[in-house]
């Protein structure tokens, strides 16, 4: 699909800007552009659930990243390190070569095997009574994943609370 | 039955979060009571010598997620629960001086639940998710006392293991696109029906990088010394004792042996990785003067032993690897608890400043002596038997140089721990430590229990006990999972 | 509706916020209630509800937001949501298995009337529990980040925002 | 195949940022790009040519054979949440590091050695 390819190229350019730019705020905004591109890709590939979620998550993480960048930090390292850069570029190249050899072996884009998911699609509505099959899988067939997700949200929330606390020792002088 | 291992800790975590703020005794009680129940239960399951399965939500395997408790899972489960119990008992006095104890115990139980779930689940994506949860809980617990070093270590740990786990996720994606199912036994069936070496080799590399980062095999070990040395001591004991094993080594060997299937090439790779880890870990540990950092490097070295034993692929080698894994989680958590006790009473971890502590702290001194001899492989203790089996398996498999390397690394470990004993616990008592006292009795209790285990675990090799404990696990690795 | 505090953004933002917050909140509620019927879902709905509260905090400053929702209530909601999800799973034990949809009758297709709001057993309840945790959890995260001010460390680094 | 390849290029860009960049925020951004790339990979492997949304609109004509893969969507749903949680924790840790060290530069954040 040509639309997907154009969007992917757009995302790659935005990601390159986000990595290359020396302005941190600009980098955060560019990463927002990557996320929005991803949301549109989700919409084009017939998964509106994810498009909505991605959009919302993008807003939230953008707000929080801007909060972190808002601490005006002028540190920006622009130096040339040829050895490290060339080693990592070679590593990336090797990774890409082997990965592209590997992706030739999986089914082509647009023709998934869908052995397991066809079972869900065939019987899911009848067995659970939920027209939205994604919700049916998430909340009924694989509800253990949902439990895991809720634990993640819980952990992140209480973790942020515990890291952000001011007073650490019970007695001030005891250190 | 198997779901209790996940429900109870999560339930405890949520109750602590709701009510623990008002009374600290609720969080203390939940903190030790739930691991205690679960460790009794897990030992009972281990002795039952059966394969337990449980379909969550009542859906049969390809549709839903299945919990599978076979020999390997149950062995790991028993180890994890017992060590978590000890760390929980130890934490109660240790954590007294910090605020937000209830959140500490809530996160502790979340980590416990995630380890149990990762051990029991039979679904490859679910395995990934629970590993991720255990990771998030441990990043936060590492930076629990918000010191600069801890934040730095936690950041490094979080970034490296997230990258590794994203690699794993990419591998799962390729596997799903190829096999079109997520259940591990199903994937193994599909892969054995239509093998595809090009794709599988790439996936294996991704899995080794990802789980190897969690297990701290040498090229990917950069996070471990920082995170282990700067975390609170009970958390270090948990990280080194069980977390890198249950989330790293277990996941690696489960996926490699049971999903993808071992071949001779893969065994070579694992043996080489294990040898490099062994040698590099012990050499780096040689120059350390920080007590916990030294222990952390030894963790890398001992993980190398475990991989060497398992990578040999013979029944004796796998037995040795698993036995060393059990032993290592016992004595390494004991050593970290000792280091924590020293830090608790003196406030420093620098070996050069310590000295002569065994007179003032007899329990810490004697238990650390037992643990040191155990890790170095002195005959009556458990470390000797497992190292002996691994070396014997090397010789039996005809790889003499591997056995030689293992012996040399063992000698280096011995010398390194002689250094620890000499500088920390023997020698002259320095002037500033005249007023030292022994640590509180709960901390002593958990150290004493662990040291008794160190002495007694040689008995696990008696054939009658071995047939319950190790033989099912070895047969799972050799013959694959059956559901 | 919401009194003008001294802090916060300009008048234009405040005026617009006053009208849009309710819409955003209702949008989130719609997603949560209909997560099992149409696209959307509990997670997106929960985050949208959290965003509406964050919207108030950003526009009016945190004092106004704290008048409506205290920090203790938020923490209570996190625990309650997670605990009620687990409880729903445990109730499933009485009918068969952990996390079993206990409204299901064996041999009968379509739990409840298809396409109606109260169909498909425990799923709307699960949606509610999840969205409660997610909304309050992300609110708590945002609060921790926004209340948190760098400082207390070195003198030269404790810059205010 | 082109789609898969572009997606892997995005993955490599994120990895490059993590390996090379020395600013903590840039590292977090690199991690976020890798998350996006993996999510993208999953949605690409689940797409079916001229497929429809996996949501039934009526009881009359169920046509499950032309719907796209719903399993990958649940996987992405979980993964997005994981990524969000990790990003938050990392951002907060980075902010605390800024408070303690006074910089986001990773070369100055080096009290741990060895």
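When the chains are written out, they are named A, B, C and D in that same order, and each has its own residue count from 1.
Criterion: a residue touches a chain if its C-beta (ideal position, glycine included) is under 8 Å from a C-beta of that chain, and two chains touch if they have at least 3 such contacts.
Small disclaimer: the values here were computed from a predicted structure and weren't measured.
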item	value
Pair of chains joined by more contacts [C-beta pairs], A-D or B-D	A-D
Geometric centre distance via CA averages, chain B-chain A, whole Å	29
Chain centre separation (chain A, chain D; CA means) in Å	2
CA centroid of chain A to CA centroid of chain C, Å	21
Touching two or more other chains - residues of chain C	38-39, 41, 43, 75, 78, 82, 86, 89, 99, 101, 114, 141, 144-145, 148, 150, 152
Per-residue multi-chain contacts in chain A, two or more chains	48-49, 53, 57, 60, 64, 67, 71, 99, 103-104, 106-107, 112, 114, 116-117, 120, 125, 131-132, 134, 138, 140, 142-145, 147-149, 151-156, 158-161, 163-164
Multi-chain contact sites of chain B, meaning residues that touch two or more partners	10, 14, 17, 56-57, 125, 129, 132, 136, 139-140, 143, 146, 177, 182
Pairwise touch network: line, ring, star, complete, or other	complete
Parts of chain C lying in touch with chain D, wherever the complex brings them together	38-39, 41, 43, 114, 141, 144-145, 148, 150-154, 156-158
For the chain B and chain A complex, residues of the former touching the latter	6, 10, 13-14, 17, 56-57, 59, 62-65, 96-100, 103-104, 106-107, 110, 113-114, 117, 121, 123, 125-126, 129-130, 132-133, 136-137, 139-140, 143-146, 174, 177-182, 196, 198-199, 202-203, 205
Chain D-facing residues of chain B, complex	125, 129, 132, 136, 139-140, 143, 146-149, 151-155, 158-159, 162-163, 166, 169-170, 173, 176-177, 182, 225-226, 229-230, 284, 287-288, 290, 293
Residues of chain C defined as touching chain B within the complex	75-76, 78-80, 82-83, 86, 89-90, 92, 96-101
List of chain C residues in touch with chain A within their complex	31, 35-41, 43-44, 47-48, 50-51, 54, 58, 75, 78, 81-82, 85-86, 89, 99, 101, 109-112, 114-115, 119-121, 123, 126-127, 129-130, 133-134, 136-138, 140-142, 144-148, 150, 152, 159, 161
